[in-house]
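Chain naming follows the written order as A, B, C, D and E, and within any one chain the residues start at number 1.
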Amino acid sequence: MPLEQKIKYENDCDKEFAKWVSSQTGGENLRHCIQCGVCSATCPLSLYMDYTPRRLINLAREGFKKEVLSSFTIWLCASCYACRVECPKEIQVTDIMYLLKRKAIEEGVFPRRFPIPVLAREFSRMIFMFGRVNETLLVTDLFLRTNWFKFLSMTGLGLNLIRTGRLSVLPDSIKRRGELRKVLEAIESDEKKEAAK
Amino acid sequence: MKYQYFPGCSLKGTGRAYEESFLAVFKALGVEISELEDWNCCGATAYMSVDETKSYALAGRNLAIAERAAEDVIAPCSACYLVLNKTMQGLKDHPELKRKVTSALKAGELDYKGTAKVRHPLDVLVNDVGLEEIKKRVKNPLTGLKLAPYYGCQVVRPFATFDDQHNPVTMDKLIATAGAECVTWPLKTRCCGGSLTGTVPEAGLRLAYIILKEAKKRGAQAIVTPCPLCQFNLDGYQDQIARKYERIDMPVLYFTQVIGLAMGLSAKELGIKRGIISAEAALAGR
Amino acid sequence: MPDKPKVAFYWCASCGGCEEAVVDLAEDILKVVEAVDIVLWPVAMDFKRSDIEARPDKSIVACFINGAVRTTEQEEWVRLLRRKSQVVISFGACANSGGIPALANQSTKEGILKYVYEDCPGLDNPNKTRPQLKCEDEGRTLTLPELHGMVRSLDQVIDVEYYLPGCPPTPKLIMAAVLALLTGKLPPVGTVLSPDIALCEECKRKDSKPADLALTEFKRPHQVQIDPEKCLLAQGLVCMGPATRGGCEALCPGGNMPCTGCFGPTSRVKDQGAKFVSSVFSNIAPKEVKEIDAVLDGIPDPIGTFYRYGLSKCLLRRKLN
Amino acid sequence: MTENKPKQENLPRVGFYICHCGTNIAGVIDPAEVQKYAAGLPGVAVSRDYKYMCSDPGQEMIAEDIRKHKLERLVVAACSPLLHEETFRKAAAKGGLNPFYFQMVNIREHASWVHTDKKAATEKAKDLVRAAITRVRYHQALDKKRVPVDPNVLVVGGGIAGIHAALTLANAGKKVTLVEREATIGGHMALFDKTFPTLDCAACILTPKMSAVKAHPNITLWTYSEVEKVEGYVGNYKVMVKRKPRYVIEDLCVGCMECIDACVFKEPKFHDKFNQGLGKRKPVYIDFPQATPKVVLVDPETCIQLKTGKCKKTCADVCDRKAFDFEQKAEMKEIQVGAIVLATGFKAHDAKRDPQYGYGKYPGVYTALEIERLVNASGPTSGEVVLRDGRHPKEVGIVHCVGSRDAKTNKWCSRVCCMYSLKLAHLIKEHSGAEVYNFYIDMRAPGKAYEEFYDKLLSEGVHFIRGRVAEVNDWAMTPEEEGRLIVRVEDTLAGFVRRIPVDMLVLSTGLEPQADAQEVRRRFNIGCGTEGFFQERHPKLAPVNTFTDGIYIAGACQAPRDIPDTVAQAGAAAAEALALIDAGFVELEPNTSHVIEEECCGCKSCLPLCPYSAITFEEVKKKAVINEVLCKGCGVCAAACPSGSIRQNLFEDDEIFSEIQGVLAK
Amino acid sequence: MTEKFEPKIVAFFCNWCTYTAADLAGVSRLKYAPNVRVIRVMCSGRVDPQFVLEAFARGADGVLLGGCHPGDCHYAEGNYKTLRRMRMLERMLKDMGIYDGRFRLEWISGAEGDKVRTVINDMTEKVRKLGPLDLPGKFKEWDKEIEELEAQVSKSAAKEETVHAR
């Protein structure tokens, strides 16, 4: 194993990023963290994470943007909210994970091995089109875009679903698709306006 | 008693049996259910990772439509239940967000006030209908059946007020009312893996496996759940779990199916056969 | 008879009751008439404004003005009389504090005109005609006085030396005032010519007032059989006596009706309504907001109740629009 | 009164002073500008600004100016009047001015410290100064009343704080009544085996003090008693104490305990509160052998005689002093005291409020207080560390911060848990030889010899894992975990999550206000902080005083604290009470109300408003009269007199109206 | 008006609770809007409704009254007397056209320094939104109709003017 230098210099961190996180919806209590680790201990997925949630919170608060956005941690969060319920300082850890995911997608820095950003994007595309989601199409689409092999491994499940009549092939749709699009577009234009400011 | 019903995408897809049994049980209890007009996807967890404001608006549209009627909204899917409640709470706590979302909804001629009340069927059954009322209609008590109540995460965390977040008991009570025996175990609210079973199976499958294994160890003949994703993960991935860990063969039922059976509704009405792991042996063998 | 002091009586926005009060002096009025020379008394005698204008300034010894100031004409008259008089006595509740007319300060001038000439039920005015301030008729110009934006007490328009309180002032107080004027035994300028102590002092029901009212509801006089002996507040009736200057000898309580406050507050109080509220509502029984509100609901018109004779003198002066 | 009313041309001469308070005020408000502004206001004869007005030179300057410039009124703009009003009143008096011709303007706490906009803060200061200068013209010369102080003291609570305060006061020759709710004094300390960090035995240091209380000629000890009502004011409190029935005549019982042996219940079978339910007791019992007073009592809930009246009463038969009295009733006692020390202690956090730790669900989970009894040589197991099922634990976990530093329960750090957890770790290891794991968030050992104690524990091989435990349950993942309690925690120093199986789990529960703290503080008319502990007058400068003069607080009723600090505070509270008593009198603020007789119409509106019954009705003159000794100066009657015939000194209508006008005049 | 409207709020604070809480806010260096002018009273029960009206009449845009929480009065029950009177006063103010939170009664204990900040900031913002009340200005405006004639009168006959007290 090659030797790796672990020291960090202050210019490795981005204080603005830390400020940004704590200014976001859900990020308000970020700075209250006392590093007790109850989030990590209660997290059913922390065992797979490169940084435990506690460490991620500290990295975010210190502004280690690169480490935070490229971490596995945010993509492994299953949104079970256990951390949020246990946190003694009422930090909304799950919401922080969400906002970091959004930032990572926006900046395109997420680790390639996780198809979650693709799933999320496909999901939102489908909603924009139909207003509803067809799980089957979503999953098929996802695997076709990311991992052919995995798709094959899933065929057994697919057959089972067909057998039990739980597989829909046709996309379901809402009636007033235009109404929903107007709403979503209104937000986009609102955001553009704000960005222009 | 009258409620609006927000099915969400799962109950129209892989969670079809949940819808079937939910509607059948409520009908049998004399509760009137009307499907929310032109509802759209709640956004689930995925949309939140893409665009926060839009995900609030997406849920907001449903709430705005729901507000047109006076009845409470029942959202049986845990994710829908959480997202709709989270949206209400978020819009209440963050005025700027609310401004953005309401004005966007206005563009679609929708009026959001924040007056809807989103409930879970567990809450409605225990607190509105009442266990006594259900007990009266139990014709076929499931005596001798050992069931593991499995709530999953998003029904109780973090917004539910109708049950304890650490040790929820509403479903335990319903199981007992149905005449079955309730397995006590500490994994009632542990995550099933959520969407990770699909996206990161090496992590997701382990979570599902842990739950199945512990339920079996504690002598459960079936797991009972109020969540379509939990049901899907625990039921659908057992083949893959068998390949990776061991075979468990644990049927996973919806709590509505369990009550329905006790009330004497037919297995067909309740979609019992839609389980990938058949529950027939467990149900017959008791 | 050149040396008799000249005295004037005038009325503004009033009901005429104050004039009645003067007449109520009965035979005493003759003594007054004998002692003074009345130069103006519109209700009883025929004088013209030009008569007064023709008089030298300060030639009238005392001028008694009743009624509030509501119109431009009244304003002109009181300014004229001020100029011509040595002493002006604000006579009665309307002059002192606006009286009943001042309750109009809860409405706007436009609101009043609109209601009276357009919206009032039973009105036959399809063209919504309103009186004009000026109009030409057969070559003549007719004018009407203009309504002011609000009703004012006399001392809000001109300076006043003394006040006779009451709706109307009692003959006894009037006589005492006249005698004081005639004998020159005048108190300091600004005095209200009535005892500076609240009405309970004179009320026959005083002894029946319990120490702790602990009221749980308020009633209006028509809703109850009033006990003629017992303190009216103790019977749940809004009796303004404790917050009202004495001097009337508790006429209303004596007539089995609660005091409505026409004598105004004592000299120590700036705002009679507010002070009465402070006193009576401290002494109601409930502690919870809901229950308190239920008690307050017994008083459907607080302004009309606590400022029945004094809205012009409320610290806020009128309703804001 | 009119001679003091300033006529426009003949205003009293006002001296105005503004304090910089270093940069505390001057950093935000421009004192020079305010000073110049005040100089231009009508009646102001002298206007100055100065670095520290409260300093000796500052006060001297005021006194000097009063003499030199014949000042008739004084206004000082500085900090809160609650802090320095007295200081400047004295300065006024020194200059020969009646101290009540003074008005203070709060521009520090209410302006410079809370605003950032310098211009706006300076404008606010000007408004407040103008109001005070307008107001002070209406001030009257007043005198303070002196009231003698009753030299007796009441101490409420017989824990170590109450015991120490009572002994200190009694040793100084004061008569003390010590009231304790439980049947014995000793409080929480009596439950402990050893005390940190010295590990000296709690009983050995506490019981001599308990006996000293009982034996002291100046102390009246009332246990099993509660304060029901408190009336009066500083130096003159009247207190009602309820003495609950013990069904045993205290003066007759000698504590031989033969009645306990003789009880018809042959075996103890009832919940033993003193032993945290780990042991059992009979209906007739004594909490522990050293209980003080050493008098048995009968529990009416379980005693057959008291419940049904049909018992053989073998207990009473065996008592040769005929001390039993099953007819005993609660007794009300009234005492007069000058000062009160409240030492009502704390309540341990209820571990059931944190269901993730399984207390009440898994028998292997204990609270710290239970372990205190378990490791105690005189406890239910005589000090043997044994589980509820009789097994001896091989691995023991101690969870810190249960009910502390947690927004869901108590936000505060309970201050003693780290240290007592170390002590319990040591004692458990010593008594059982088990491996002990301490799960802590931060180790707090800031007392004398505390860090050294931590060192000692480290060297004893106790495990310290830095992390808040997420959950404890019986879900086994490996064969080794089967049948044990699994602690899931992030070892934050290692950076990963660990599962640690233990046999016994100790929850180091935090300290909370007593369940009835709110009722008690209302009874004594003192305040509580938001967390529910009694509020001290000043966090640093008056830590044992309260906002009610003559009432002092000591120990954990004010905030969590350990024994050394509690004892120190109890001594401080006793010293404050002594200072009050030995002064012999108190001066009362003259802000009382009075009725102007010739203006009063006798409407009685004011009578029911006074909570102190200071207003009476004079039946001959038919006027209200205020007894100024009883009046506490709230001014409710002055506000409510419908004819304006009641005046409140220092808060007259004229004064307040002029202040309103002054604040708003521009 | 180009300048941002800065409301003037007069506050009456009980010495034992809200005044102490405001001191605590100071000691804790909490920052809040500089629009409130505090008048100290010993008990909220000393506050006569006349004071509230006077404050509005003299130009306050809002009036805040701070007392001890129900059950916590330093003088046993003074705050209940306040509550009762002020409930009535609120109705009267509404009838006179002053509402929407220009008058506010808050219970703030001595420990609630933070509540002082929140309440003051909140009230300042709400009153700012309402705009100026400016009764002194309105009084002047209303009296314009009688000033005209007064001016005329004094022009025509302004010789020997005697000063009369009102």
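What we mean here is this: contacts are C-beta pairs under 8 Å (C-beta built on N, C-alpha and C of every residue); 3 or more make two chains touch, one makes a residue touch a chain.
Just so we're clear, the structure is a prediction, and the values are computed from it rather than from any experiment.
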item	value
Length of the shortest touching-chain route, chain B through to chain C	2
Shared interface partners, meaning chains that touch chain A and chain D	B
Where chain A and chain E overlap in contact partners, by chain label	D
Chain pair showing more contacts of the two, C-D and B-D	C-D
Distance-maximising chain from chain D - centres being C-alpha averages	C
Chain D and chain E: spacing of chain centres that average the CA atoms, whole Å	35
Chain C and chain E, separation of their C-alpha mean positions in angstrom	29
Gap in Å, rounded to a whole number, between the CA centres of chain B and chain A	22
Gap in Å, rounded to a whole number, between the CA centres of chain E and chain B	54
Overlap residues in chain E, where contacts from two or more other chains coincide	45, 48, 50, 54, 81, 85
Interface hub residues of chain C, defined as touching at least two other chains	269-270, 275, 278, 282
Multi-partner residues of chain A (each touching 2 or more other chains)	none
Each pair of chains that touches, named by its two labels	A-B, A-D, B-D, C-D, C-E, D-E
Parts of chain B lying in touch with chain A, wherever the complex brings them together	9-10, 12-17, 38-41, 43-54, 57-58, 60-61, 82, 90, 94, 97, 100-101, 103-110, 152-154, 157-158, 165-166, 189-191, 193-196, 198-204, 207, 236-237, 239-240, 273-276
Chain D-touching residues of chain B, taken from the complex the two chains share	164, 166-167, 185-187, 210, 214
Touching residues on chain A, where the partner in the complex is chain B	25, 44-45, 48, 75-76, 78-82, 84-85, 94, 98-99, 101-102, 105, 114-117, 119-121, 123-124, 127, 131-136, 139, 142, 150, 153-154, 156-157, 160-161, 163-168, 172, 174-176, 179-180, 182-187, 190-191
Chain C residues within the chain D interface of the complex	196-201, 206-207, 209-214, 241-243, 246, 265-270, 275-276, 278-280, 282-283
Chain D contact footprint on chain E (complex, rising order)	6, 8, 10, 15-17, 19-20, 22-23, 25-27, 29-34, 37-43, 45-48, 50-51, 54-55, 58-60, 71-72, 74-78, 81, 85, 109-112, 117
